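Per-chain numbering from 1; labels A, B, C and D assigned in written order.
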Amino acid sequence: MIRQEQMQVVNQQQIATNIFELTLIGQQVLDMKQPGQFVHLRVSDQMEPLLRRPISISSIDKETLEFKMIYRADGRGTTLLSEKKPGDQVDVLGPLGNGFPIDKIEAGQTALLVGGGIGVPPLYELSKRLVEKGVKPVHVLGFQSKDVVFYEREFRQLGETYIVTVDGSHGHKGFVTNVLETLKDDFAVYYSCGPTPMLSALERMYPEKEGYLSFEERMGCGIGACFACVCETTKKTEADYVKVCSDGPVFESGVVRV
Amino acid sequence: MIRQEQMQVVNQQQIATNIFELTLIGQQVLDMKQPGQFVHLRVSDQMEPLLRRPISISSIDKETLEFKMIYRADGRGTTLLSEKKPGDQVDVLGPLGNGFPIDKIEAGQTALLVGGGIGVPPLYELSKRLVEKGVKPVHVLGFQSKDVVFYEREFRQLGETYIVTVDGSHGHKGFVTNVLETLKDDFAVYYSCGPTPMLSALERMYPEKEGYLSFEERMGCGIGACFACVCETTKKTEADYVKVCSDGPVFESGVVRV
Amino acid sequence: MNRLAVELPGLSLKNPIMPASGCFGFGKEYAKLYNLSKLGAIMIKATTLETRLGNPTPRVAETPAGMLNAIGLQNPGLTKVMENELPWLEQYDVPIIANVAGTLMEDYVGVAKSISQAPNVHALELNISCPNVKQGGITFGTDPVVAEELTRAVKEVSSVPIYVKLSPNVTNVNEIAKAVEAGGADGITMINTLLGMRFDTKTGRPVIANVTGGLSGPAIKPVALRMVYEVAKHVSIPIIGMGGVSTIDDVIDFLSAGASAVAVGTANFVDPFVCPNLIEQLPEKLDELGFETVSELVGRSHRL
Amino acid sequence: MNRLAVELPGLSLKNPIMPASGCFGFGKEYAKLYNLSKLGAIMIKATTLETRLGNPTPRVAETPAGMLNAIGLQNPGLTKVMENELPWLEQYDVPIIANVAGTLMEDYVGVAKSISQAPNVHALELNISCPNVKQGGITFGTDPVVAEELTRAVKEVSSVPIYVKLSPNVTNVNEIAKAVEAGGADGITMINTLLGMRFDTKTGRPVIANVTGGLSGPAIKPVALRMVYEVAKHVSIPIIGMGGVSTIDDVIDFLSAGASAVAVGTANFVDPFVCPNLIEQLPEKLDELGFETVSELVGRSHRL
C-alpha cells in the first residue's frame, strides 16, 4: 500500500563529499517490500521547491521501523533535504514502484550487482536480501573519484566487492565495464542501477543473461498518473511504453529501449 | 546606515496568543537610532514567500548588540518567522525609516503613548527613551481581548498604564478613545502606533496637540525606491505624497491624509 | 441539503472540487489512495481519436512555485478509453468530464460524438488550449473565429453539455470566451498552462525535450484568477476555474472570482490527497466566512 | 579586455547586469547601499510628461514566488526628472536607460525628445507594456500596427537609440517584436509583467486597489525565458532580458536564450545587493562554464 506519511528524521550523516545518508522512522517501513523501490519526498512545506523528489530506499529495518536513503545533495531540493536534522519531519510518499526481484535466483547461485554513483544505494538492501537467501553477491561499484565513494566496507561485508573510479583515485581505474571484462561470467542473474549508458553497456555485454535494471526519469506524480516518466519499449514486451514510477523503476533487461 | 545582515536568533518566545517576541543579535543594532524604526526581514531562503516583512523594533540593547521585535504570527511569512529557533539566522535589512522624535518633548513634561494591538511594540522602546530623558509617559494600550494582551507589566514599570480590550475581558472595555476621554489632556506630545482608524480618531480628538503617528502600508523595497507604500498628504506639507518606508513610518499628525 | 453541491450544465456536483485533466490519468492510480466517489467530478486525461505516445522525455521540469510539462497528450486513444477506462470508472459515483483533443476539427468531432455517449461521461471539455502539440491544441484556442467554429461543430454532435478549455496565452481572453459562448458552449474551463521554458544552466539546453512546456502550479494562480474574474464579467455561462489551486483559500478565491467549481492539477503531484482534503476543509471554511452554501460564494467579488 | 563588457546600440556596458525600470527608482536609495558605477546600466523609473501620483494603495501584493504591483507609473514628471534626477545620477559612471511612458503617442514623443538629450541618457526604453494604467501603456504593446507606428514616431525624435519594452500579455510576441523592429527599434527589452490578481480570501476583495496588477518575480521566469528565446529567433536587434532574475544561473539562462544583457527587477526588493552580487559572481560562473566572455554565451541555446 502506498502511504503519505510525515516521517521523522532519526539520523542525517554526510558519508562522502556531498553524499548523505538519511534515516527516517515511520509506519510506512512496514510496507516496503522489495529492494529497489523508492520514495517520493517533499523537501519543504513551502511552495518552492514544489515537486517531490524520488529517492531509492537503500536499507530497511522493519523491527525499528527505520529505513535509510543515500543521496547526493546537488540541486535545490536535495540540498534542502540535507539540512534536515534529527527530529524534523519529512513528508514521504511511498513505497513506490517495483524493485529488484529476488525470486529469480536461487540459494547457492551467484548474483552480479553493478552500481554507478548514486545508483549504488538500492543495491545495498538488494545484496542483504540475496545474502539472507543464500545467494552469493559480487559487487562492482563505480564512482567518479575517491571522495564520493561510499559504503565500501558495508558491501565488502556482504561479499566480493570491486570499487572502480573514473580517475583511478581509489580501487580500479576506469568504468565498471573495465572490471567486468576481467571477471568470470558464472553469475545467474545480474542487477544494476546507475546512469543509462552504464545500463545499456551491461545489456550489450550480457545479451544472454537474465538481468534487472533500474531506470531514472524526471517525475511528476510518482504513482503512474501523469505520464511524465514514460520510456519507450522494445519488442520484448507488448506494452507500447512503460512508466518508470509505477511499472519500474526496475525492468528486465531489454524491455526499455536504451 | 542601512545594512543587510544575517542576524542570529537569541530567543523566540510566545508571549500571548499568536504573539511572539523575537530577539536577534548583530552589528546592525549599533545603527538603530530612533524608537519607531523598523527592519525588513526575509523569513526564508526559499523563493516563497518571496518578499520581506516589515516589523518594528520594539527594544534595543546596544551593549549586548541585541534587539527585540514583537509580532503576530498570522500569515505565511510571520508563521515561518515564528518557527525560527535560537541559533537560526534571519536576513535583516535595517534599520529603516524615521521613528518617533524624542527631541520634541522635554524632561518633566508628560507624553501620551497610544498603541493598538500589534502597534504597541515600538512604543516600548519609545517609552524607555522618554523615561531616560525624564519625560513622564502615560500609556493607553488597546487590544482585542485578554489573550492577546502583552507587555502590560513592562509598560507599568515605565509609567501609568491603561489596558483596554474590545471585549472587556481585561482592563477597560472598549476602544482606547473611551479611556482617553476620561484622562486629562495635560500632555505635551502624543505618540501613537496602531490601526489607521485609531490614528485618525486621535487626530480628531487632539487637533491642537503635537502628535506623531506611525503608519503601516504594504511594502516592496522598504527603502523608498518602488513607490509601493505611498500615502496621500494634506496641505500641512509641501510634498505631494510621502513614502511610509523612507519618509515615515512616523509622521507628524495631520501630514498623512487619513 | 448539501451545502457543497453545485449544479452545472450536465453536472450535478456533490462538491465543487475535481482533479484537472492530465493530472489524474483515468483515476486508477488515485483510486488506490482514496475513494473516487468523494470527488465532485473527474476530468480525465485528454483523449484523441488514435493512440498517442506523446513527446520524448524529459517531459517535466520544476520552476519557481510551478512546473513545466510537455506530455504531448499521450493517451490510449478513443477506443481503449471507451472500452477500458470509462467502464472501469463506472464503479464510482462520480461524473466524468471527458477532455477531448485532436489535430483537425474532424478529430474533435469524432471523439466528442463517441465519448459523449459513455454512460458516465456527463460533460465534455474541449481542449483547445494544449500548448504541447505541434498542430491543433492551442491554435484552436487563440483565434476566436476558429474557436467558435470548433465549438459549434462539437456541440452539434455531442450528447452531453460541452465546456471549452481556454488558453491563457492570448491577448484577449474575453474575446475567446465570448466566441465559444456564441458557438454554443455550455460552460468554460480555464486556464490551461502558460507557455514557458527552463534551461539546463550547465549546457544551455532546454530541459524539456519538446523545448517549450506548459507552466502550471501556484506560480500561475494570479494569472488564472485574473482571467476567471474577467471572463466572468463577459459571459453568462458557468466557469470551472483552475490554475495553481492547492489550498482551501485558493478554492475560495476562485469561487469569489466567479468560478462555479474548481479543478486541481499540479497540486495532486505535491499532495496526492489534496482533492479529498480540500473537500473536507470546505464546510469549515464556509462557516468561517459566514456562507451557508458554495453557490452563495460564487462570484462574490463581483458583488462587492 | 573586460570579459563582462557588452556593446549594444548606444550602450557600452561594463557588464550585462542592470536594475529594471520601476524597481530602482532613480537610483538614490540604492546609492546609499553601494556604488552605482558598478552597474552595467540603470533603467530608471518610467517618466511621463506630467507629474503622476499613481494608483491608490495597496499597490503591491505577494503571490507564490512572485508579486503583483500596480504602482501606476508614479513619477515626478519630465521636467523634474530632467532637473533633479538625471543630473544627480551624473556623478556615477553608468549609462542611463530612460523608461518613457505616456497616454497618447504625443506624450511618448514629447518625453523621448527631451529626455534623450540628457547627457547621461544613452538609450530610451519605450514602455508600451505597462498593465497598470487605464490608457496607453499596454494597449500600445498588444497591437503590432500601433506598436510599429509609435516606435517610428519616437525613433524620429530621439537623439539616442531606442529599445521597446514588450508585454507578455499577448498571443504572439514575435509579431510585436517584428513590428517594432520594422518601426526602427534599436533593441528590445522584455518582459514586462503578466496581468494578475490576488484576492483577500476573507473579504473576497481584490488586494490591489487597482483590482489587477502586474506579476513579476521568479514565478514568471519560465514565461520570460520562453519569450526571449522565441523573439531572439525572429528579430536581429539585441534583447535585454528580464523577468524573475535573481540568481547567477538565471542570468546565464537569459543570456543563453538570446538576451545580450539582463535586467533585475523584483529581486532588488528581496536582496538590495542582488545586482552587484550577480556582477561579482559572473566571472567565476563564466570560468565554470568554460566561456571567456559574456558575448560568447549570448544565444548559445540557439547554436546547440
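Quick notes on this structure:
As a convention for this text, a contact is a pair of C-beta atoms (placed from the backbone, for glycine too) under 8 Å apart; a residue touches a chain by one contact, two chains touch by 3 or more.
In this text the structure is predicted, and so the values were computed from the model without any measurement.
Each chain gets a centre from the mean of its Cα atoms; the one farthest from the centre of chain A is B.
Of the two interfaces, A-D and B-D, the higher number of touching C-beta pairs belongs to B-D.
For this pair, chain A with chain D, the centres built from the Cα atoms lie 47 Å apart. With centres set at the average Cα position, the gap from chain A to chain C is 36 Å. Per-chain Cα centroids separate chain C from chain D by 34 Å.
Chain contacts: chain B has residues 47-49 touching two or more partner chains.
Touching two or more other chains at once are residues 63-66, 217-218 of chain C. A complete topology is adopted by the chain contact network, contact being made between every pair of chains. Residues of chain C touching chain B in their complex: 64-65, 218.
Only residues 47-48 of chain A touch chain D when the two sit together in their complex. Interface residues of chain B facing chain A in the complex, by the touch rule stated above, are 44, 46-49, 80.
Touching chain C in their complex are the following residues of chain D: 63-66, 68, 142, 169-172, 194-199, 201-206, 212-213, 215, 217-223, 225-226, 229, 244, 249, 252-253, 256-257, 289, 297, 300-301, 304.
The part of chain D that touches chain B in the complex is made up of residues 22-25, 28-30, 32-33, 45, 51, 53-54, 57-67, 69, 71, 74, 217-218, 246, 266, 268-273.
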